[in-house]
Amino acid sequence: MNEYAAVLIFLFVGIGVVLFTFFLARLVRPSNPYKAKNQNYECAEPPIGSGWIQFNNRFYIFALIFVVFDVEAIFLFPWAVAFGQLGLYALIEMIIFIVILLFGLFYAWKKGVLKWV
Amino acid sequence: MTDQNWSILIPEIFLFIWALFIFGLDLGIKRKNPKILGYSAMAGLTITGILLAIFNGGILFKGMFQSDQLAIFFKVIFIGSAFMAVGSSFDIASEKIRHHRGEYYGLILFSTVGMMFLSSASELITLYIGMELTTIPLYVLAAFYKDDKLSVEAGLKYLIVGAFSSAILLYGLSLLYGLTGTTDIVTMKINLSLVFLSYGKIGPGLILAMIMVIAGIGFKLALVPFHMWAPDVYQGAPTPITAFLSVGSKAAGVVAFARIFVNGLIAFASDVMKPLDWGIIVAILAAAAMILGNITALRQRNIKRMLAYSSIAQIGYVMVGMVAASELGIASVGYYMFIYLFANMGAFTIATIFNDKTGSDGIISYSGLSKTSPIFAAYMSIFLLSLAGIPPLGGFAAKYLVFAAGIQAGYTWLVIVALLTSVVSLYYYANIIKTMYFSAEEPTIKIHPSFPANLVLLISVIGIILFGIFPGPILDWALESAKIFAF
Amino acid sequence: MELAIFYISAIVAAGGALMMILQRNPVASVLYLILSLVALAVLFVQLSALFVGSLLIIVYAGAILVLFLFVIMLLNLRGEKFTSEKPILDKGTKITLVVLFFMELVILIKQMAFPQRMDSLMTQASPDFGGVEPVATLLYTKYLYPFELTSILLLVAIVGAVIMAKRDKNEEEGER
Amino acid sequence: MVPMPHYLILSALLFAIGAAGVILSRNLLIMFMSIEVMLNAANLAIITFSRFLNVMDGHVFVFLVMAIAAAEAAVGLAMIITIFRNRGTIDADKFNLMKW
Amino acid sequence: MNQTLFLIPLFPLIGFLLNGLFLGRLNKKLISLIACGSVGLSFIVGLKMFFQLISLPENTRAIEEILFTWIPSGEFVVSFGYLFDPLSAIMVLVVSGVGFLIHVYSVGYMHDDPGYGRYFTYLNLFIFAMLTLVLANNYLLMFVGWEGVGLCSYLLIGFWFEKKSASDAGKKAFIVNRIGDFGFILGLFIIFWNVRSLDYNEVFVRAPEVFALGGGLITAATLLLFLGATGKSAQIPLYVWLPDAMEGPTPVSALIHAATMVTAGVYMIARSNVLFMLAPSTMTVVAIVGIATALLAATIALAQNDIKRVLAYSTISQLGYMFTACGVAAFAAGIFHLMTHAFFKALLFLGSGSVIHALAGQQDMRYMGGLKRHMKTTYVTFFIATLAIAGIPGLSGFFSKDEILWKAFSSNQGSIWIWLVALFTALMTAFYMFRLVFLTFYGQERMDHHTKEHLHESPKMMTVPLSILAVLSIIGGYVGIPHILGGGNQFEKFLEPVMKGVHHGGEEHALASSGHSAGTELTLMFGSVALILVSIYLSYYLYVKNVALVGRLRNSVSGIHKIIYGKFFIDELYNAIIIRPLVGGSLFLWKIVDVVLIDGVLNGLAILIGDVSLGARKMQSGQLRRYATVFLAGVVIIIGYFALR
C-alpha cells in the first residue's frame, strides 16, 4: 500500500508543480495584448482553413492495432511476473494467445492497411 | 489437469480455426469466387455439427465450460441458424458485398463461436465474454453494407444500444458477484441459499441485480421495453444477418437467461419468495412483448420490420415457457426455439431472395407471388402459419407446449394474454398470405433462388412439418437438456 | 486520511464524468474523462486493487482514450453544431429519469444484505492482495479459459475495425 | 477506513452519470464515452466487492472487462468513422431514416 | 386388428398432395379423378368400417388406432390416433359421403374456372382436415383438424380473390374463428391440467372423478369449449363471418358452410357430452345461445334478397337448433339434425348454385322467378329439400326437427319457453324457405332478356348429386323414427355408447319422459305440423298468389293511399299485424344487431387495435437517444415497481 501511496503523492506533487508554475507565470508576466501580436511573422502567408486538419484514415487503423496490442502487452506483463510460478502450462497458454492475435496482425497486413502510401 | 477431457472443446476450436481459414482463403486466392467462401463456411458449420455429435458431454475449466445437453441443444440451433444465414447469403455475397466477403462469412462463424461459448458458460465472466463475442461481430455484420445508409445506421444503433445494455448487464453481474461472493452460477445458488437460511431474507439488492441482468439479456432477446433497437436494426441490416440476429442471437440470449435465472436464481422464481420473484417480472415483460410486438406489427408495410415486431412477440411466447421454470418449461422453450429457427430463418430467407430480385422489402410488392412462384409462396405461407401457431405445423406444438408449461406453473393470465395476442398475430401473418395469394394485381416478379438458398428453404419447410407432426425426438432431447437443471 | 482521499477522488471522478457529458468540444470531454478515470484509479488503489488500478490508467488513458482522440482528429468535428431542437421538457424528463435511477440504486444498495463476512467494515487485506502476481496466478490458472476467449474477442475487434474503417475504393484500385 | 456503501454509491453515481450521458448527449462520441464511464462504474463495484469479500476473482473480471471494453471501443469507433463518412455528421438525432 | 382406419383421412391427403405438388401440370380430368376418387375411397372405407362397427357388440363399439405418439414426454403424452365409434362413424359417413357428392358437383360447377386445380387441392385438404377432426381420439388432434378446416375455409372463401369482398370475407372468417379457437384451446388446457390427459377415453372416464358437478372449473372449461364452438359453428356472438363467407364458390358454401365444417362445434359438444353434463349452467347457456341464434338468424333470413344469404342465415338458424338440442341434453337429437341438415342444406346450396349457374352469376332473388319451367331437376330437388327443412312429415327434416322440439319440451334441461321459441323459429323457417322457393321458381321471370334466353338446366355432373341428395333428404330421417311413431329411434340407440354423460332412462323413456304422456307428444307434433302448413300457406299467399301485395305495401307511405285502395284493407291489416313487424324486425335485426352491433363491435375492435398499432409505431421515433431512454426508463420503472414496493 505504502509504496503506491508514494506514487500517489508523486502524482499530486507533479500536478501541483505544473499548476503552480502556471500560476506563478501569470503573476509575474506582463499582460499587454495588441493586435499585431496575432499577425503572421515577417513574410509568412496567411493560413488557409483551420489548423485542425483532418487526419489520414490510416492513423486510426494504426491506433486501433496499437490499442489491441497494448492490451496484449498488458496481458503479457502479469504473465511474465508470475511465470516463475506458472511454468510450462502458462507458456502454452500465452503462445496460443499470441498466435491468435498474430493472426490479426497478419490479417491487417494482408489487407494492406499497414502499408503507408 | 491432465485427466480433463479436452476433446469436448473440439467443435468450438474447429469452428474458430475454420473461420480463420475462411479469412485466409479470402486473402489468399486471387480469382475471387464468392461461392467457394460460402460453401466452405457451410461445410465448416456442417463439420462442426458432426464434431458436436462426437465430442460432447463433460466439464472443463472447473465448470466454466460445460458441454451439457442444454448447451449441445442450443449449439445445434446456433449452428443451424448460422448455416441458414450463410446459405441465404449467396446472392447478396455475389452482388452487394463486393469487399470483405471472407470477413462476412468469417464473422458469422465468429459470432457462432461466441454463441457456442456462451451456451456452455456456467460462470458470469465467461458468460459476459461469450455475450460480447457474440455481439461484436454482429455489430459489424449489421453495418456490412458500408455504402448503404440504412445498414450503417442499423449497425450504429445496434452498437450504441448494445454497448449500453452491456454496461447495464455488467453492473447487474457485478451486483450478483457482490451479493454471492462468487462468479460461478452453481456456487452462487448455494451461497444465496446460505445467506437466505442464515438471515431469513436477502433484501431487495438482489432484485436490483436481477432486473439489471434481465435488462442486459433483454436487449439480446429484444424483450419489451428493451426492444426499441430491433425494428430499425432488423430493417437496415443485410437480411441474412437480420435472420441470424433474430434466431441465433436470440437463442443465445435465451440460453444465457436460462443459465443465470433458471439455474442460478431458480429459488426466486416462486411466489413464496414474493418480493424477489423474477418470474413475475419476466412474465410482465413477456406479456408486454406479446402485446406490443403483435399490435405494432399490424400496421407495418416493410416485411423486415414486420418480422422484427413479430420476433419481439415470439420471444414473449418463449418467455412464457421460461417463467414456468420447470422441466417442461425449459424443454418447451428449447423446442420453441428449434421450430422458430426453421420458421424465422425460412421467412427471412424468402425476404432475402425477394429483396435481391426486386430491391424491395415492402409487403405490397409480394402481391401475386403465388402465381409466378407458387412454391415459394407456399413456403412462405408455411413459415408464417407456423409462426402464427397453426397446427399441424411445428409452431403449434411449440406454442402448445409453452402455454401448457405456463399454465402448469400457474401463469394462467399470461397464457390468456398469449392466446389473445396470438389471435391478433394471425391477422398480420394472414395479411401477407392474402397479399401473396389473393391479390388481383398482375405480378411480374419470379424468384429464382440460388441452390443453397433453396436448400435452406427446403430444410426449413421439412423441419417445420416433420417436427410439427413428430415433435417426439426434438422434445425428448429438449426434455433431457432441461434435466440438467435438476428441478 | 483514507476518507479524505476517498472524497477527493470521488468528487474528481464524478465531477470529471459530469463535465465530460456537459462539454461541447469532444476533446475536452476526453480530457475530463481521463481525469475521471485517474481519480477512479486512485480509488482502485485505495481498495487494494493496485494492479487493476494501474491497468485502468494504461488501458484507458493510454490506449482507449487515445483512440478516441484519434477519431476526433480524424473526423474534424470543429464545425459540428449540436443544436437542441427538443424542448426543455424533454431534457427535464430525462434528467428526472436519471435522478430517479440514481435514487433507486442508492436506496437498494443501502438495503443490500451481503454475505456475512463482508458486513460493514473491511477486514485488513493481506499485503499482496491485488498485486500483480496473485492476480496473474489467478488469471492464468483458474481463469485461463476466459483469458483465451478474450484473445478471440480482440481478434474480432481487429477484423471488425479494419473492415469498418478501411476505405474500400482505394483497396479495389490497389488490387487491380 | 471507508465504509463499503460509499464506494458502491459512488459507483451508482458514476453509473447514473454515464447513463445520463447516453440519453442526453447528441454527440455519438460522448455517448460512447459515457458508456465507458458506465463500464468503469461497474468495474468499481466489482473491485469494491472483491475487496470486501477478500477474493481476487473480481480483479480478473475487471481485467477482462477492460480488454473487452478496448475491443468494443475499437469496433465502435470504427463504426462512428463509417457513419461519419456516410452521413457527414455524428449527431445521434440525425440518424432516423428508419422509424415506425 | 388390421389397421385400416387411418386410410380414411389418408386418401384425401394423398389427393391433396398429388394435386398440390403437380399444381397446374395435370389436366382437368385427372385432377377431378384424383380429387373425387380420393374422397370416394374414403367413403368406401368409411362404409366398410361402419359395417365392421355394427357387427361388434353394442357396448364395445369403438375401434381405436393409435398411429404414433405425437407429443411424448412423461405425463404429457398426446398420441396421434384415430377413434371410430358410432358418433365419428356418422360424421365420417356424412363428411365423406356429402363431400364426395359435392366434389362431383364441383366438377361441373367449376369447370371453366381458371383456378380449377387449386380449388380441388383446397377441397381435398379440407376433407382431410375435417376427417381428422371427427376421427381424432383426443382433443389436441381434434384441434389440429379444427384449425385445419378453418384454414381451408379461409382459403376457399377467398378463392375468388379478384373480388376484394371475397378476400376480406376470408380474412374475417379466419380471425373470428381464431377468437373461438382461443377459447377452445384454453378450455383444453383447463381440462388437461385437471385430468392430465386429452384422450377422450381417459378424459371422459376421469372427468366425473376430477370435476365436481357444476363446479367452477368445469363450467369455465365447458364455457370456453363452447366459445370455440360458437366461432366454428357461427353462433351468437361469433356468427358474423358466415353470411360473408358466401363469397366463396357455392359448392364450398354447401360443403363447408352448411354441411360439414360449421357442424364441428355441434360435434365437439356432443363428443364432450360427459363434460357438458357436469356443468348444468353451461348447458343452459348453450341452450339459450342456441335458441337465440336460431331465432335471430331466422328473423334476419326473412328479409334477405340474396339467395345465398338466405341460406346462410338459415344455416345459422339450424345450427342454433342443434345447439339447443345439445343444451337440453338431447345430444343424439342434435347429431341427428346435423345429419339430416347436412343432406338437405347441401342440397339447397347446390340447388341454389345450379340456379346461379343458370342465371350467369345472379344471386338476387328479385331478379329470378319462374325457373320451375326451365330447370326441372333443380326445381324438384330444391323443393324436396325445402319440404325437408320446413319439417313436413315424411321427410328427414321432420323427424330430426320434431325430435329437437320434443326434447326441448320434455327434457329435464328443457322448458316450455325454449320449445315455444323453437316452434316459432320453425314457422319462420318454413315461411322464408318457401318465400325463397316461390321467388325463385314461381311467378314471372324477372331476369333480363339476355339471361332469360340462356336459361338452361345444369349438366349431369351437377344434377346427379342433386338427385342423390334429394333421395337422402327424404329417407335420411327414417333411421331415427321416434318411438311414438313406432320407430324405436334406432339412431339414438346407435349413439348411446358415446353419450355416456346422459343418463338414459332405458325403456321407460320410450313411453314418456319426465311425466309427459305420449298424447302430449303427439299433440305437439301435429300442432306444429299444422302451424308449419299455415306458415307455408302464408308464404304462398304473399309471394305467389298476391305477388303485388308485398311490394306495394312496402312502398305505401301514406295512410290515404291505403284507404283509397280499400279492398286491400284486410291485407293491410294483415300486413300491419304480421308482415310489417316481421319484415321490419328482420330488417332491424339485420341492420342493427348484425351489421352495427356485432359486426360493428368486432370491426371496431379491429380498428381500435389498428389505431393502437399506429400509436405504438410512433414510439419508434428512429432516434437513438429515445431508444436508450426507453431502455433506461424500462429499468427504472421495473426497479421502482418491484424493488421498492
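Order of writing sets the labels: A, B, C, D and E. Residues in every chain begin at 1.
Throughout what follows, a contact is a pair of C-beta atoms (placed from the backbone, for glycine too) under 8 Å apart; a residue touches a chain by one contact, two chains touch by 3 or more.
Being a predicted model, the structure only gives us computed values, none of them experimental.
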Where chain B and chain C overlap in contact partners, by chain label: A, D, E
Chains in simultaneous contact with chain A and chain D: B, C
Fewest hops from chain C to chain D - one hop per pair of touching chains: 1
From chain A, the most remote chain by mean C-alpha position: E
Between A-C and D-E, the pair with more C-beta contacts: A-C
Chain centroid nearest the full-protein CA centroid: B
Distance from the mean Cα position of chain E to that of chain B, given in whole angstrom: 43
Between chain E and chain C, distance of the C-alpha-averaged centres to the nearest whole Å: 69
Inter-chain centre distance, chain A versus chain E - centres from mean C-alpha coordinates, in Å: 81
Between chain D and chain B, distance of the C-alpha-averaged centres to the nearest whole Å: 26
Residues of chain D whose C-beta touches two or more other chains: 15, 18-19, 22-26, 31-32, 43, 48-49, 52-53, 57, 60, 64, 66-68, 70-75, 77-82, 92-93, 95, 97-99
Touching two or more other chains - residues of chain C: 48, 51, 55, 59, 63-64, 67, 71, 74-75, 94, 97-98, 101, 104-105, 108-109, 112, 114-115, 117-118, 135, 139, 142-144, 146-147, 150, 152-154, 156-165, 171
Chain B residues counted as touching two or more neighbouring chains: 23, 125, 129, 132, 136, 139-140, 143, 146, 156-157, 160, 164, 168, 175, 178, 181, 204, 207-208, 231-232
Every chain pair in contact, whichever chains are involved: A-B, A-C, A-D, B-C, B-D, B-E, C-D, C-E, D-E
Contacting residues of chain B [partner chain D, same complex]: 124-125, 128-129, 132, 136, 139-140, 143, 146-147, 149-150, 152-157, 159-160, 163-164, 166-168, 170-171, 173-175, 177-178, 181-183, 231-232, 235-236
Complex interface listing, chain C residues touching chain B: 104-105, 108-109, 111-118, 142-146, 149-150, 152-153, 156-157, 159-160, 163-164, 168, 171-172
Parts of chain A lying in touch with chain D, wherever the complex brings them together: 57, 60, 64, 67-68, 70-71, 74-75
Complex contact set, residues of chain D against chain C: 1-10, 12-21, 23-27, 29-30, 32-34, 36-37, 40, 43-44, 47-54, 56-57, 59-60, 62-64, 66-75, 77-82, 84, 89-91, 93
In the complex with chain B, residue positions of chain E that touch it: 20, 23-24, 68-74, 76, 80, 140, 143-144, 147-148, 151, 154-155, 158, 161-162, 164, 166-167, 170-171, 174-175, 178-179, 181-182, 185-186, 189, 192-193, 606, 609-610, 612-614, 616-617, 619-620, 622, 624, 626-628, 630-631, 633-635, 637-639, 642-645
